[in-house]
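Take a look at these structures.
Both complexes below contain chain A, partnered by chain B and then by chain C.
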Partner chain A sequence: MMATMEGPRKGFIFSFDAVFAILIAFFLILLIYNNILKEPALPPVQLQRQGMDVLAVLENLNRFYSPGTTFAETSDSYCMRLEVYNGTSSVLDATFVKAGCPSADSDERMVWRATTFGNRFKTAKLAIWVKR
Partner chain B sequence: MTSKFHQRLTAKEKCKNLGSYRGQSFSIELFLVSTAVILIVIFFVSTLAAINDFKARGQRTHLIAEDAASSLMLSRGYPFDWDLNVSNTQALGFALRRNVIDQQKLNALNATDYAELLGLAQYNVSINITSNGSQLFQTGYVNNSTSILQVERVCICNNSPCRVRLQVSGGAQ
Partner chain C sequence: MTNEKSRRGIILSLVVVLMFTLLIKYATDVQAAKISTNSAVSRLFAAEKLGYYLDDIGTDMRTVVSVNIPANSTTMVFVENLTINKSSFFSNYSRFISNYSNNTNANISFNTTNPFQLVMSNGIVYQTNYSNRQIKIFNSTGGSNTSVTEYRVDIRSNTTRVFVFYPTFVASGTRMVVNYTDPFPFRSFVASGYVNPAVGNVLDIGYTGGRDVYVVVGLIDGKNNSFMLNQSGIDAFPYVTITVNRSSKDTVSAFYNASLNISMPGTNFSGMPPAN
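The block that comes next holds the complex of A and B.
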């Protein structure tokens, strides 16, 4: 009786041990593969830099109301949306979205610039994010 | 009786011996398993370290390339009129003002050791400028057999928006 009780118990402990070992090995392998496959996230400062470039170009060319050609010169992996406000008010004057991009993203970064357009004070807000 | 007692003693001895064998085998097993676990942990840790080291080197190259692109796009270089005497160039930059390219400095770029001046001497470097899909400027080459790292910036050339593409390949990536 004792011998028959001992048998299954030993088996159970052995199986549990094996499952535990396989789980640990699987976890470690997953950790390594995750490290290999994981694309390094684009640093936010890089997005900020791209946004600053776009606003500098738009300001120099005075093209806050026709940013399409400037947007087209940015990398395909970036999406952006330009909002132009009258003065410092929150009244939106115009919105432009880069072709082929959605109008917003949860991970967008903001770059602001105050400028003049036709002797009127304007505030340009550029939202930039990585295309998914 | 004597033989029964003798038999009992023998059984006890057997048990005792079995116990000592069990203990010994457990110690050997423990030693083997511990060694195996330590070796496996060392293997995984060193593999992770090697992967992270490889990635860090790639990121370092990317940072150097990003800084090089920024210096080209945002600064005039040093001395400011380096295009007039390229042999005296200490820092490169072809910005007339922020993100606006000075055509004269761009033309003088080929006369300089630009890879060295940008801190990318150990890499193959290519600088390409396009506007609306047309190529405006091209210098250097990148080796296609190795991974190519690319930094793109928007700028103004001849009063039109253009794209500066700095490509880096080879070296200690």
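The block that comes next holds the complex of A and C.
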């Protein structure tokens, strides 16, 4: 009688132990994957930093209306779109998209730069995102 | 036997609890480190953005007047764009920057006064007055510009001159060089020689209708060894390049005497935008 009761209880404890071990293993794998193995996402500030550099280069080389060469010199993993406005108005003067990139992305970050052409003022807006 | 099993069970439970505690501690530490790193990066990025806005505005100012001071050099080269109407430029630019700051996550205000100045860390000031079209270079401390050994001005005129009067050159003093290019090549000239820095030495380039361009080196407004370029009744050249040579090699910083205020989350700036 004792032996028949002992059998199912042991089985239950072993099953419970196994489930518990699997849970711990799963939790460990998840933790390791999240913190060590998973490639970290590029922080938004890094994107903005790249965008600021690109705009500074474009202004110093006077390439706001021909940014293709500068775009081509950036990393292949970045996509960008440059919009040049008259003054700070919403009147769009010109738009350029980096070759091989879509024209927009839901995760794009914006960077701005003011510039002058003699007595005329322009605002450059660069949208930058990681290529998918 | 039963006691032995219970003890094993308790030890096993303790080991599991200990493992879980360590895992939870590790996870919370990693999370805290991530938050701390992100916060530090954000603070540093605010400083970077401030530098970016200073560079942005400084680059725009350089289209009006710029100075090139190579590190550890005796030379300073000023280039001014005289085609820009500075009065309307600065007034519009101030409004433009105010509107521009609405696009960014920063409050930026920018104001200038006439005369507009480039202020050097060694006391030398480049001043352009857009009411009377006078350019002056002098020592801001009020004393003589003793460190300046040579003023050289390069003028490419778009109007043919009628005459030129040279100053009295002497054996030693401050070297004055005027490299004048006329539309009529025969009337181009290079005047160079030493002048007494304690008196006003005037080189007068005359045009028809009583219009003149004056280049003065020496005593100006009570300051010895200063420089002045004055266009009287004429806009004879769109750009001017003035090279100043000094006796000492040092690293000089330059600033525009504009009032610039930048305020954004994490950092603020109030002062003059850098010119080099």
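Basically, the second predicted complex is superposed on the first by the 105 of 132 C-alpha atoms of A that agree within 3 Å, B and C clash if a C-alpha of one lies under 4 Å from a C-alpha of the other, contacts with A are read in each partner's own complex, and residues count from 1 in each chain.
Heads up, the rule we're going with is that a residue touches a chain if its C-beta (ideal position, glycine included) is under 8 Å from a C-beta of that chain, and two chains touch if they have at least 3 such contacts.
None of these values were measured; they are calculated from a predicted model.
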For this session: Check the residue A:T74 against both partner chains and state whether it touches chain B (first), chain C (second), both, or neither.
Result: first
Exercise. Is A:L28 in contact with chain B, with chain C, with both, or with neither (first, second, both, neither)?
Worked result: both
Exercise. So, A:V54: does it touch chain B (first), chain C (second), both, or neither?
Worked result: first
Seminar exercise, completed: Both chain B and chain C touch chain A at residues 28, 31, 35, 49, 56, 60
Problem set entry | Residues of chain C defined as touching chain A within the complex | 16, 19-20, 23, 26-27, 30, 38, 41-42, 45, 48-49, 52, 55-57, 59-60, 63, 81, 83-85, 88-89, 92-93, 96-97, 99-100, 102-104
Exercise. Which residues of chain B touch chain A in their complex?
Worked result: 40, 44, 47-48, 51-52, 55, 58-59, 66, 70, 73, 97-100, 131-132, 152-156, 159-163
Problem set entry | Residue ranges of chain A touching chain C (in the complex, touch as defined) | 20, 24, 27-28, 31, 35, 43, 45, 48-49, 52, 56, 59-60, 87-88, 112-116, 118-119, 121, 123, 125
Exercise. What does chain A use to touch chain B in their complex?
Worked result: 25, 28, 31-32, 35-36, 40, 46, 49-50, 53-54, 56-57, 60-61, 69-70, 72-75
